[in-house]
Every structure is written in structure tokens, then in C-alpha cells.
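In the two assemblies presented below, chain A is common to both, partnered first by chain B and then by chain C.
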Partner chain A sequence: MNKLVKLFTIFISAITLTIASISSSFAKVEGEYIVLGSAISLTGKYSSNGVHTQNGYNMAVDRINKMGGVNVGGKSYKFEIIYYDDESNPKRAAQLAERLIKQDGVHYMLGPYSSGLTKAIAPVTEKYKIPMVEANGASRSLFTKGYKYLFAVLSPANQYLEVAIDLAVEKNGGKPVRIAQAFEQDAFSQDVRLGILDAAKRTGSEIIIDDKLPKELNDMAATLAKVKATKPDVLVVSGHTKGALTAIRQISEMKVDVPMLAMTHCDAAKLSKQHGKNSEYALCASQWHKNLSYKDKFFGGGKKYDKDFKKEFGYAPPYQSAESSAALLVFKDAFERANSFDRDKVRDALKTTDMQTFYGNIKFGPGGQNVAKPMILFQVRCKGDSCENKVVAPTKWASDKFYHPIPKWSERS
Partner chain B sequence: MDLLIFQAPILMVQASLDGILLGILFALIAYGMALQWGVMNIINIAQGDLVILGGYIAYTMYLVGIHPAWGVIVSPIIMYFVGWALYKLVINKVVDRDLFISILATFGIAIVFQQLMNFVFGADVVVAQSEYGTTMLFDNSVTLPNSKIFAAFISVIYAIGLVIYMRRSRLGRAIRATAQNARAAKILGVDTEKVYAATFGINAALCGVAGALISITLTLHPYVGLPYTVRSFMIVIVAGLGNLPAVALSGMGLGLFEEFADYILGTEFRIGAVFMLLVFILVYRRFKLSKKREYLK
Partner chain C sequence: MNAIKQKDLILYSGLIILGLVAPFLFSAFKVQLTYLCVLIVLAMTWNLQGGEMGYNSFGNILFYGLGMYLTASVQVGMFFPLAEWTESGGEKTFVHTTAQYFQGIGVGLLVAAIVPTIVAGAIGYAILGLRGHYFAICTLGLGIAAGEIAGGIEIIGAGQGFTTPPFPAEIVDPEARGQFFYFLSFLVLVLAFVFVKYIYGSRFRLILNAIRDNEDKAEAMGIQTMKYKIVGWMCSAFFCGLAGGIMGGLIGYIDSTDVAFDGREMGVFMVLMAILGGKGTLWGPVIGATLFHFFKEGLWTFILGWQYVALGVLIVVIVVYFPEGLMGWLREKYPDRFGEVIDEKDRKAQVEIK
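Coming up: the complex of A and B.
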């Protein structure tokens, strides 16, 4: 019996020792590298935006490392990121987050692509008290759960199109407007819808059509026929890239005349390229545009970022890449202010972030959302056959005048 | 607001035309499924993915500067060989097993196809432009995209062409014979293996046509195949196997029903209404999904 107890004690202490040695050998900082982890969609339905996100991260890592790295305690460190492919699958993303934290010993995380996947990962990072700076999860529900270790550099989804309603009211001489809206039934689009409901209430506007688009079907002819019959002042559509492309295709085919058309995901859908002239005058919410005059010392301004990104990856950066790059700038700033690798100190430093990046001002609200950066609206404008996105609101950043109302189809060439 | 359609009767015209045009396109896909189901007793879960692949063929042509409408000729030719190869590689290994195995096999094919398309064409939603313009009726209050009219027209031509082919040609007669009684057909000298491969190829070719039409009327994405599979499955269930006019009618009926459900119940119940209809029809007809299998290798 005595022998058994002895054996048991040895066994237990051996396990304890092993665990202890493992957890200290897999440190969050290895040599001169600060190791960050990210589960990202490299395959599956989010793969194109997943790659945009990864390119944004990589670009910022290279830039920061080249320009002196991160100074903590008088020593310079470099960033390194461990990526895993989450296959665009929330369950897989949550598993990978556990793996990054428990097996790879990552102590700081970067977000995945999309609200859905961020929602899957946030409970895990929260459980292990791992600070996560995310750049691609805008759903409002991420910021109402009381997460303490989640920080988002982007504006929450409900703000996407609120500005558009204000703009419509302004153009209507301050009088309330009639709104027709169609939203896909997913977390993000429904959040955008909530924003519109708030704005409608605030301005006393009336919502006359409130359709929910099924995600299986790419046909909204019925909604548009209703719009034609009721003649609203504003039509709001949000259903990711498929929604944007379907809307423009069918609006142009059915010759739906509406004074103002507000949408999301126009740049991700490459609307102006895929639909050309038919997409003209569409008003789109965006997190970022290269013409904004924000600046930082790593990327210069938006235009320089655009140029450098094109040089490195061969295509113009969508806002998903820009915001992902900004996430790294936030981490660097927080490490330097914390002057420590202690997770809670880094978290506290993140909480008091107040900085300007090329992507916009960043300051986190109580829920972790960025409260310092307004959404912008751009409008698709065409010259001949080439179409471009022009920033029209808010006025402070606008490069062009907002064109209102949209000319009728019969008057368009 | 739900009853807008009764306040503005012109919307009924719009809804009916939209529904019928969409329904004809769905009926074409369903026709391929019915053919293959009838001849081989295989429910092809990858049907929708074959459609999308056909669409990507037309889209690729559009990218290199050829008008995507030519896809209705090029796409079925390529897709015939894709279908034929699929049969030789996978389906002929499962064609004599029970229905469940074939559903699993085609489900696997569907996943492989989705990932391949994602890999080759990317996960972005894409459209091909036909620039066909719009037909306006009743003083602009009813609009019909010419691309949809074109799609319905081409679908009808292919369907009629196939019916004639089935009646007149040697292969068509062999296919029909095999569908009726595979054993007897084989005894009388029909190469059933060849018939199966050709049937699968023809089905894939029809999917190719439908896909090319979808690329100019709706949108393409590697993962939107399943709704087309479900739609065609339902049309076939309602129409029954081997009954082409019924497939066409059931396709149009479903399109109509969907559009009206959208106006009356709201867009969010559109798909739900269709499934409710399916339940009613299944109960009413007590449809027997099991057909006696007789396969010969």
C-alpha cells in the first residue's frame, strides 16, 4: 500500500513537472519575437476575405519589424504570427483558438475574418484571459457581452448605414423620409438593420418595406417590385457581396427608380467593376477609404498604404486589409505603453488606447468597439465606362459632392 | 403592407411573369434530375454544383471577352464529359448499391466540387453581363429582363430538343428501354453501362446549360449549389419520374407559388412556404420514393 502511495506521488509530481516545464518553454515571447496567433479563413466561403485579412496582418508585421520593431523594457522585439486555417467554420475556429493558446502558448491573439467566427473565438480568448485585437468582426452583439479582452479597431455594424438615413433626411429638407429595406437574415446584416431602425426612430422616419432576404436565394425581384409600387425615398440593402450584386443587377434590369440607394459590401463585391455603369450613384458604407487624411508614421497615409499594398500583393487593398494592418499598430502601441509582456498590463494598455493610424482614429469604448472612427459613405460615380468610389460623407472627409436624387433610369444614358 | 399585391393588381402580372420565367429555368435542371433518377435511380445531390460549375464555364468565357450567352453551347459540351467522367470514376461503383450509398457518394462529389470551384475561381460572388436590356410592359409598370426571357427560351429549346432526341435517336431509345427494364434491355443487346454513362453525361450537360443561363440572370458563388438541388428535387417529387410536361408545369407552378408567397407572406417565408407545400404534396400523394432496383453490370 505504502509503495502504491509512493508511486502515485511520483507519478503526480512527474506530471506536474512536465506541465510546468511545457508551459514555461512555450512562452508568448520567444527570443526577440513576440508571437501572436490567429485562426483565419484560408479555405471555404470566406477565403477571399480571409486572405485580405492575412495580407493586411503580414504587411503590418513586415513594416513594424523593418522600422525598429516593438520596444519593451529597452529591448527591441519583432512580431511573428502563427496562422491556422479555420476553413470558414466557427467550430473549427474555436478549436484552433484553444490550440493556439494551450499548445502553442500564444498569449496575444489577432481576430479571424467575419463576425460569426469572431463570435466563436471570443469566448475562448475570454476564458483564458488572452487579449485579442480583432479587425473583422463588426456585429454589435460582440460588444454587448461584457467581454474584457476583446478589442475591435472597426466601427460596429449598427453604425454602417445610420449616416445614410441622416443624409436622406437632410436632403429632404429635414423632414422624415420613407424607407424601404431588405436585409439578409444573418447577424451582421440584422445589426445593420437595427441601426436603421434607430435612425428611423430618431428622425421620425417611416419604414414602409422591411423584407428579410433568405440567404439561399439570389433573387429579390419581389422586394423590388414592391419598391416600385410604393416609391420610397431611400432603399437600403444589406446582404453581403451576394446581396449587393443581386440588388444592382435586378434594380437595373427592373428599372427601379429610387432617389437614394444605400448598401453595404460594395467594395468587397467589386461593384463598380462587375456592374460598371449600372452601379452608378449607389451609396455604400465603408470602414475605410484610401482618400481619407488619417496619418501614422508606419504607413504614412491611406494613399501610400494603397500604393505599398499594391506593390506587395498586386491588388488594391480592400478595407478588410487596411483594418487588419491597423490591428498590429494597436498591439505595438499597447506593448510599448504597458512596457511589459504581462497579459493584464497589456490588456489595460489596450483599454486606454487613443491613437491615430492611417486607417483612422482608434479609441476603445467599454464594450471593446472603436468609438473614435466614423463610418464613411462613398458613392459610385462613373466617367464613361470606368467607375470609381468617391467619398461623399461625412462632410469632413468628403472628396466629392453627394449626388442626389439618383436620376431616373429613363433619363440615364 | 403584406397585401400590397391586392392593392396594386399590376404586381400580380409582375409576380406571375417573374415566377414563370424562373420556374422554367428550374424545370430544366429538374428535368435532368428526373431523367437520371428514372434511369439509374440515383438522387444526385451534386446536381446544383454541376449547375454552378456550368455557370463558371460561361463566366470564364465572359472574362476572356466572349459573350457569356455562348456558354449555353460550350458549357453543356464540356459538362457532358465532366458527367461522363464522374460516372466512370465514382457513380458506376455505387450504381448497384442502395439509394443511401448513392446519396452519400453524390454528397461527397458535391463537397469536392464546391472546394475545387472555390480553389479555382475564388470565394467571391461573380456575375456575367449579357447587356440584353429590359422589356417594359404596361407603361413601365411591369419589367422583364431580357436575359430572363432568353434563359426561359433557351431552356424550352433544350427541353424540346431532348424530348425529340429521346424519341428518335438510338441512344435515346436505349435510355428509355433501360429505364423501363434494365434486364430486358441488356438481354436485347443494349450496353447498359454505356447508357448509364450517357445519361449521367446528358444530365450534366443540362446542368451546364442552366448554369450558363444563371450566370447571366442571377449570381454565381461556389457554395450556392444546394438550393438548386433542393428545388429540382422538389419539382421532380411533385411531377413524378418520366413525365416531362409535368416537370415543366411543376417547375412553373413552383416559381409562381414562390413569388406569390413572397408578396403575401413576406420574403422571409418564401422558402418556408415552398417546403410546406412539399410536405402537403408528399402527404397527399403518398409518394413512394423507393423504386425497385435492378441494375446490371
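Coming up: the complex of A and C.
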């Protein structure tokens, strides 16, 4: 027993020493670096979108640092990001935010991927009064909590597919449509659902199927069987990347005929590449598309961003990457206008942001959401075997006509 | 006997003092320390079934998640309409006053301790007749089912998740929240430890051990095994509920499958920690949880993206080299320090036979 006590004492003191030795902390601005922190999903169910986000951040950091960095007080600073892996888990994300702020001394945060994780981190950044520019938390409830340090460069989630319902009604000769919908059980997709409910109410449309999909999403055959039986006018599916992939895979396998298919995350899922012709005619909500004519001096326009991104990372940038890059442009702009590293001054500068980036116009509303940028819809169209995303709405940006209704599988070659 | 008691006293008072000053000493690590307390509570109470009773339960996460939702719901529901709070896109903002916040969490934790205990009794009555793998699989289903069900109940936020009340804004000190949750979790840890220690010295533990070693024999001896199994599980549920309630408040956001009924992480971790330290011992789960937490916090950020691979390797190493856990390994190496007397002659005789 005696020895055991000794052993234990040694054990405890070893732990104490370890903690004491690792509690060295970074400063918010270290030498010529402005240190930003971000918890990002590198593993778990959001890992592919987490990587899109990280690539977007990294691309912008490189670009800004190469092109002169951030000028504050007559001195040029460079961006640096500390990343942690939040494992797609809100619990972990909240803990890591705390760690970034308290142990790594980060004073400015970049958002994680997905609304759920942003919801978990926002209370922490709010508590420590840390400005956070986030690019991937679109849930409407993020902007009604009265957060003062949260800024989102993207349009809220409920706006994603509302337009699609309007479009369906328009194609139906202004008459209400019958909607079938299936949404993943997570904060973002459920918000997209709320948007559809609003649109349905507004247009008097009827929702005939309203299914919930599990989080680890890889099967929605039950919903599709119902769709086959009830023949709705529109099928709406949202469940991040996996939702988009599952929907297309099973719709083509089960030969489900539906006049209109509206989804989210088609570009992140690389649908047109992975599923080619099977994904043709899918209508997708997107925050950004390379064909839009927005411009800035760092990335040029959307097409140039697309090209540079492909060169750097080997795939076409989904909007998740573009909006993430934009987040850093916003930070740079705010630092320079604040001309200070004082957190509250930077926050005030962020609040008055009004700028154009290659990704779109950015101006924050009272809740912190971007109010200056509309959502767009694109449709997957194929020529021979190569498929591409063509912008079809709003008309200002449309490069192609919206193809409606989707031909039946029996008529498709 | 007295001398040992005195040493124990020094050890325990040392640990309590360490626990009390830790949040001030390592101010930046308060949240991690709170997690540590909660993890130890979970591992220690899991050990009551898995270690002492021989019933490997993956279902304790059910009580943890239940406690989390209950605490938050009570805390909100006592003062505001719960449905409006959780309604996403709701335009109204509700703010708890300082008094409301603490009253709410107090009552909430009480409910979070009692209800899961009752639920454990009811479920235990139904499924504790299963043994071995059947029980393990059945409890695994419990956690998953609870997550899916909670994800469909609108009033607690469904798939949107449930944002728990923010810490009262009137308390301006940003450290206060961390300290509050740390001391709360430390209190629960001390309670749980005292309770488990008490059980270790009681007849109840012997009965649990008897059930583990041979349930049929135990029953033949006249022990009403079912009754004891249920009571054992209820004890765990009580502390799991409390732990969940604290974690809900600390994290600030409850998601049905990722935070509350998080069988994939917390549910597995509590088993892993108990096994790592050595199940069936008092200190095993404590040491296991501590080591595991340090491994996780210290190493994981250095191997970004590979941490689950590392965790897998850790599990393999534990199972292959320390099947009885660290305490079991130590016990085998230094049996005399655990009060086991070895007959040297007998040992030598055995070696010669080999």
C-alpha cells in the first residue's frame, strides 16, 4: 500500500509537470504573423467538406501573404492559421474553440464546417469576445441569438431552395405544386426544410412526403419508393455531400421519375464528375459559381479562382472553398480598416464591412448574416459524356435555360 | 491498519486540495479538467457493471444523454416556453437572469439524476435477464435508438439541436463559467468516488462479484441476482445523468446523436477508459480516464486526421498487452503491493514443473 501511494504521488506530479510545461501560449499577433484559429472537420462525416473549407482558407492565406499581406499601422503582417480537427463533432468543436482561445491565445477565429459545429462554437467565441468570421454555418437560428462577434459571409440556409419552389410553381403555370422532401437530421438541412415550408405556404403548395434522413446517410430507398408511388411535382433532398450522392445513386438505380429534383451540395459532391449522366437535370442551390461576374484584386474573378484552385488542389472548387477564401478577404479588409489589433475595433470594422470579392458582395446584417449576396441555382447538364453545372437562376447570372421537366428514365439514353 | 488509514487520508486530502486549486493553477485548462472529472465519473460508474458485475453495458450513454436533455429542458422550461426556445428561426430571444440560471440548472440536475435512475430501473427490469454478448448488443441498441428518437422530437430541437441557456451575462468575469462547471463536475466526481468506495467495502460489491463470477451459483446461494443487477445499474444511471447534465451546460449545444446520445464516442470511451485502467478495481477507471484524456488532448492535435487510427492502435495495445488494464498489470507484476501473499516455495515448485 505504501508503495502504491508513492506510485500515485509520482503519477500526479508527472501530470502536473506535463500540464505546466505545455501551457506556453501563442500571442494573437506574433512577430509579423496574425494568428487565426479554426477547428475544422478533417475526420468524421463532414471530412470532405471540412477539407474543402481548409483548402479555401489556405488558398486565401497564401494569396494574401504573397500579395503584400495585411497592412496595419504602416506595417505588413502575414496570416497564419492554427487548425484542430473537430471530428465533425459539436462537443469536440466547442472544446477546441476554448482551447484555441485560452491555450493558444488566438484572438480571431475562422468558422468550422457546418451549422451544427458553428452553433457549438459561437457561444464560446461570444463569451470571450472573439470575432469569428465563418463561411460555412448557414442555419438561420445562428443569426437570431443576438451574437455580436459572429459574421457569416454566406446567405442563410432557409434561402437555399426557396427559389426552386417558386420556379416549380412558375413552370406549373402559377398553380401550386405537390412537394416531396427528405432532409438529413442536422441543423443545416432542417433549416433548408424550413425555407421550403415557408415557400410552400406562400405558394399554397402541398407537401406530400416529409421524411427525415439519418445523419450517417447512405440509404433513402424508402423515401424514393414513396416518391415513385405518389408522383410529386418536385423532389427536394438535402443532406450535405452524402445526401446528394445517395439521392443521385438511388434515383438512377430505382429509375425514379420526377419532373424536378432540387438539392444542395451538388458541387461539393462533384456530382457531375462522379455520377455523370445520372445526375443530369438535378437542380442545385449554391452560394457561388465560377461564372458569376464578381471581382477582387486578389483572386481576380470566379473563373480565375477556379483555375488557380484546380492548379493548387487538383479539383474544381466547390462553393464551400470559395466562401472560405472570402472569409479571409473579409478579415484582411477589417484589420486594415480598423488599423488596429484591438478585438473590439476589429469587430466594429467587421460590422461595417461592405465590399466585393470574387465570391460575391459582402455586407453584414444585424444578426451577422451576409445580406448582400443572393443564392443561385444551377442545373447539371451534359454534352455527350461530359457534364457541367450551368447557372439557371436568377436570370441576371443565368447562362442557360432551365430544363423542365426532367425526361423519364425510359426516354433517357 | 491505522497506518494505512493515515496514508489514505494524506492521499485523499492531497487529491482534494489538488482538485480545488487546479482550476486556479491551470486556469487555461479548466474546460479540459472539467471533461476529465466527467470522464472519470463515467468510467467509474461504468466499472460498476462492466467490471464488478461482468455486464458490459454500452447503454450508459442513454442515461448521460437523458440527463443532458433533461437538465437543459428543465432549465429552460421553468421560466420560458420550451417549444419557442427550441424553435429554429424563432425571432424571440429569451435571457435567463442570474438567479433563474442557477435555479434552473440546480433543479435540472436534480431531475437529471432522478429520472435516468428510474428509467434504468424500468429498462433493467426488462433487459437485465439477458447475459453476456446479448446484453451488450441490446444496450448498444438502446443508445442508438435514443439518439434517433431524440432527433425526431420537435420540442427539444429535433435535428436542429438544442442550444442550452447561455451563462448569465450579468456575471462579467469570463472565467466564472469555467470555474462554475469545473467545481460542479468536481463535486459530482467526489460524490461518485465516495459512493463507489463505499460500495467497495460493502456486501453489495461481493454480490456483484458473485454475479460476475458465476451468476447461476450466486442465484443458487439464494441471492436475488435480478434485484442487485437492477440496483447496480440504477446507481450508474444516477451519476451518468448528473454527468450528462453538466456536460450539456458546458458545451452549450446539444445535438441528438453527436453530443447527447454519443455512443460512438463517449459511449465507447467510458468502456475503453475503464478497461485501460483495469476494470474491477477502484482506482483503475480513475487512472484509465486520466491517462486516456491526456493521451487524447496531448497527442491528437499532433497527428491531425490520424487520431482515430492512433486510438485503434491504443485499443489493440491495451487488449494485447494489458488485457487486465494497467492496475491488473501492476497487480501481476507486484502482487505483494496489492496485499497478495505469495508462497515462495509454491511459486518455485510451479516454475520447476514448467
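Observations on the model:
FYI, the second predicted complex is superposed on the first by the 383 of 413 C-alpha atoms of A that agree within 3 Å, B and C clash if a C-alpha of one lies under 4 Å from a C-alpha of the other, contacts with A are read in each partner's own complex, and residues count from 1 in each chain.
We adopt the following convention: a residue touches a chain if its C-beta (ideal position, glycine included) is under 8 Å from a C-beta of that chain, and two chains touch if they have at least 3 such contacts.
These numbers come from a predicted model, not from an experiment.
In the superposed pair of complexes, A:K119 makes contact with chain C only, with no contact to chain B. Residue contacts after overlaying the shared chain place A:Q190 against chain C, while chain B stays out of touching range. By the document's definition of touching, neither partner reaches A:T353: not chain B, not chain C.
In the superposition on chain A, A:T43 makes contact with both chain B and chain C. In the superposition on chain A, contact is made by A:E253 with chain B only, not with chain C.
Legend: residue contacts after superposition of the two complexes on their common chain; A:N172 is shown touching neither chain B nor chain C. Once chain A of one complex is fitted onto chain A of the other, the partner contacts of A:T230 are limited to chain B, with no touch recorded for chain C. Once chain A of one complex is fitted onto chain A of the other, the partner contacts of A:Y128 are limited to chain C, with no touch recorded for chain B.
Of the two partner chains placed around the shared chain by superposition, chain C is the only one that A:E98 touches, whereas chain B remains out of contact.
Once the two structures are overlaid, the count of chain A residues touched is higher for C than for its counterpart among chain B and chain C. Common to the chain B and chain C interfaces on chain A are residues 43, 185, 212, 214. The residues of chain A lying in touch with chain C in their complex are 1-5, 7-9, 11-12, 15-16, 18-20, 22-23, 25, 42-43, 83-85, 87-91, 94-95, 98-99, 102-103, 116, 119-120, 123-124, 126-129, 139-141, 144-146, 158, 183-187, 189-191, 194, 212, 214-215. Note for the complex: chain A touches chain B at residues 43-49, 182, 185, 208-209, 211-214, 216-223, 225-226, 228-230, 240-242, 245-246, 249-250, 253-255, 268-270, 274-276, 410. Of all the residues in chain C, the ones that touch chain A in their complex are 4, 7, 10-11, 14-15, 18, 26-32, 35, 88-91, 93, 148, 151-152, 158-161, 163, 166-167, 174, 177, 247, 251-253, 255-259, 262, 265, 283, 287, 290, 294, 298, 300-301, 304-305, 307-308, 330, 334, 337-339. On the side of chain B, the complex with chain A involves touching residues 1, 4, 8, 10-11, 14-15, 18, 22, 115, 118-119, 122-127, 129, 134, 136, 140-141, 143, 145, 147-148, 218-219, 221-224, 226-227, 259, 262-263, 266-268, 270-271.
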